[in-house]
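Naming follows writing order (A, B, C and D), and every chain is counted from residue 1.
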Amino acid sequence: MDRLTYFLRRTTRQLRGASALSTLSLLTCSVSMTIFAVYALLFGNVRDLTQAWNRRIEVHAFLVDRLGHPEVQELTHRVEALPGVREVRYISKDEALRDVRRTLGDSADFLEGLDSNPFPASLEISLEPRYRHPDHIREIAENVRSLPGVEDVEYGEAWVRKFASILSIVRVGGYLLGFALFVGVVFIVSNTIRLSFLARQEEVNVMRLVGATNTFIKVPFYIEGILMGAASGVLGLALAYAFYLAVSQRIDVSLFLLLGGERFHFFSTAESLGLIALASALGLLGSVFSLTRALRQT
Amino acid sequence: MVQLFHVSAGYGKDTPALSEISFSLDKGEFAFLTGPSGAGKTTLLRILYAALRPASGQVLVGGRNLARIRQSEIPYLRRMIGVVFQDFHLLSRQTVFENVALPLEIRGFPKREVHRRVASILKLVGLGHRSQARAEQLSGGEQQRTAIARAIVGEPALVLADEPTGNLDDALAGEIMELLDRINFKGATVVVATHNRWLLQQYPRRTLTLEHGRLVGDT
Amino acid sequence: MDRLTYFLRRTTRQLRGASALSTLSLLTCSVSMTIFAVYALLFGNVRDLTQAWNRRIEVHAFLVDRLGHPEVQELTHRVEALPGVREVRYISKDEALRDVRRTLGDSADFLEGLDSNPFPASLEISLEPRYRHPDHIREIAENVRSLPGVEDVEYGEAWVRKFASILSIVRVGGYLLGFALFVGVVFIVSNTIRLSFLARQEEVNVMRLVGATNTFIKVPFYIEGILMGAASGVLGLALAYAFYLAVSQRIDVSLFLLLGGERFHFFSTAESLGLIALASALGLLGSVFSLTRALRQT
Amino acid sequence: MVQLFHVSAGYGKDTPALSEISFSLDKGEFAFLTGPSGAGKTTLLRILYAALRPASGQVLVGGRNLARIRQSEIPYLRRMIGVVFQDFHLLSRQTVFENVALPLEIRGFPKREVHRRVASILKLVGLGHRSQARAEQLSGGEQQRTAIARAIVGEPALVLADEPTGNLDDALAGEIMELLDRINFKGATVVVATHNRWLLQQYPRRTLTLEHGRLVGDT
């Protein structure tokens, strides 16, 4: 404990001696942490969004007019029994009309002139996650179509295919890019810290010359690296939050709701802490690298 | 305390900076090391504090064989040696006090003891009033005295002083010599590399003379 | 000219004196240029892709059966006269059947059993760019629907809306992120170069003490900054190209074709040169900043 | 050549390092500047090459008023002054040759002329054989001689040498003095700050003595 406060004192002593250097490297590290955080933020949100879309992949079966209650029930059971079907929801003609009214809003006036309800009743069929693939969906849709009482089936084949492609691009590209970015940030942060230490080789030399052990020399530098990393993590998060505020105000909330019901959200507390921990680890890494090198010389 | 047998050393492919040096110093001895510029005085001292490994020969310092010392042992060797470097090697952004306290902090002395010792040694070298100045704010002679204070504050068994009076007037040089004499009297072995003829005349001691890397005189 | 070679000689002399420092800052700058280049690459491609999709937004009008040639021609003219319509293409019943056959490929066998061609003739109506917005499309579609001879109109309303949202997110978010990233890279590169110069303050001081004018001191550092920037630009491009190769091999070519016909493409030569020029400018900027600061001291 | 009227100067809020200094040196004069460590010798020289502005008083060097000199004029002032800094201020990663060539390159001398002059001056200070060594690879005395060579290579009108023999033995110190004498004979004004009593005795010249920042002797 006493030892720790002693080393902390020495750390601040060192920092005071190299303030311009430390400020520059702190800023550089913060900026690269910001870049990483902003990317993680966007990627996380887009991924959540696509998952929300994915959950919405459904098959709609439009029923023939005037189907009785028992027939609907039997049909529902038969659909539910099909492999890959998760849940079936019955939308009556009235409900269908109400849905359309709600969606159209003000422009729903023309519906008032109708003699009879033109919208068919339907079954909304949601699928097991494993079956949300274009080929499976088509199979299920064809099965449903062949059932008695089903007039037509709709599932937007082209859209589903496109969507699957987008998903796979977002996944592959996103993780690949994220990984590249991560490597880049690791590199920038640890290099910057090494750069700021390189200028202090002389300091290390002097300490060795007067008989300091490697541990004695290293600890304050390690503490400095960790502090620097943590500080840049916090600053990076703060800047990313500023970016988040700017973007979430510019993009309509309604837009995001329309796109999938997920709000554009910031990191959770756990994720934020993880990011700061990561930054601290990088700071430590940078100082470990540079000191190992500095101490190798006589 | 110090024994050298046929020591040669050099930097790179050039002609060796030292060749076939042999001598020994008893515990408590005081010796000058002299010779023209570039003769190898600093190189010889660097071998003694293990900053340079001899190319051949054997070096014993305080019972340790420096030709074969492990990297991890060097700090402990250096803690028994106080060195005044020719170019001072101070931490320029840190204060005089912090610079002089360093060897004691390394040895893990308690804060109170560090304060007491550093304050008293700074008074001895005439820098009591400058203890809170950063090393880079000192005059040449003040830097040199800071380096001397740092070398002797830990009461080392061996003091190696490389040209410790080059930036000091004769009066101050005399005071520094008194100081070195005193710790020599207390039992420390002292080696002073110098060009200062006045010093050599004023304080007649054993004198090792180097020339072109060879030991040409020992009186 | 003689002066330039002299300064180049001094630049290399300086670099030789600080190789570890220069290597570290070169690498750091290269990595951040890579990050920027990869982002620009992805964003450029996604933008091109969405533009290709956008071009494909069409309204399909299905015609009543057995419409004669003159009627079709008249209908086509009337549709063409509608505001916002760019081009109208007539797809006969036979062509429709052929299209379906082609799309289905092997699974088209069941079509063989048909007595008559069940696919209606249609008009494919492409729109002026300005009219490719959900509200306009609906208006045009309704107009087309009211024309005689039109049985039904299809344009995928939900899809069009979603697509418009995606586009706007890609635009706003993408440019915002790109700008943030750009600022970040400017910052990292210029700071890193400042950092590597800070360690050489002593050098600058010595030169001033022996009577060097500011210009004399600056020029080699400026050249160094430009060289460093250009080198990191080239390295960054090379790494981005490696990323491009990795990604374009992993993503099916067919996928991208399906998505919009645009190939995933690398920067053009002009763009690449622009990027290198940008990096050089950043290097120069970094050295200008740091020297201005270093020279302010006496 | 050099005139000071009631010059005071200091660093920050402390007691001034120099107070009320007045003296003048004619063109072609040779003067020693002496005094105990911390007396203000280096500070005085720094004022003369415009690295420090006096807090009050007037300073004229070569017809320029340094109390009012513009920042952009300083390089041109310094080109007529050769300075041997107490701590050398060499470019440690560059060679002896490159260090000594610097003042000539700054003045835009042609390459051939630079080579000729640098080679000849290095021979004079006894470093002909070390010209391709990096400054950090030199012994203390060799560094000092490199600094001296750099100061005089451009044949400046004013030479300011701060403790130029602190790391040199008397024989070499004598040689350096001969060198300074020679350029003094050619018309340069020379100021040598030194503690070296031997030098002061061996070369009797005008001697300015500082003590606690005051001029206490001028003989």
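Observations on the structure shown:
Note that in this section a contact is a pair of C-beta atoms (placed from the backbone, for glycine too) under 8 Å apart; a residue touches a chain by one contact, two chains touch by 3 or more.
Quantities reported herein were computed from a predicted structural model and do not represent experimental measurements.
Steps from chain A to chain D, minimised over paths through touching chains, total 2.
Relative to chain D, the most remote chain by averaged C-alpha coordinates is A. Rounded to whole angstrom units, the spacing between the C-alpha centres of chain B and chain C is 66. We define each chain's centre as the mean of its Cα atoms; on that basis chain B and chain D are separated by 29 Å. Computed centre separation for the pair chain C/chain D is 62 angstrom, with centres defined by C-alpha atoms. Multi-chain contact residues of chain A, defined as those touching 2 or more other chains: none present.
Contact of a single residue of chain D with at least two other chains is seen at no position. Chain-to-chain contact here is organised cyclically: the chains close a single ring, every chain touching exactly two others.
Chain pairs that touch one another: A-B, A-C, B-D, C-D. Chain contact summary for the complex, chain C toward chain D: residues 6, 10, 13, 16-18, 203, 205-214, 216, 298. The touching residues of chain A, when paired with chain C in their complex, are 20-21, 24-25, 27-28, 31-32, 34-35, 38, 42, 156, 159, 161-162, 165-166, 168-169, 172-173, 176-177, 180-181, 184, 187-188, 191-192, 194-196, 198-199, 243, 246-247, 250-251, 255, 258-259. Within the complex formed with chain B, the chain D residues making contact are 11, 34-38, 41-42, 86-87, 137, 139-142, 145, 162-163, 166-172, 195, 197-198. Those residues of chain D lying in contact with chain C across their complex are 49, 51-52, 72, 74-79, 81, 83, 85, 89-91, 93-94, 98, 102-103, 105-107, 150.
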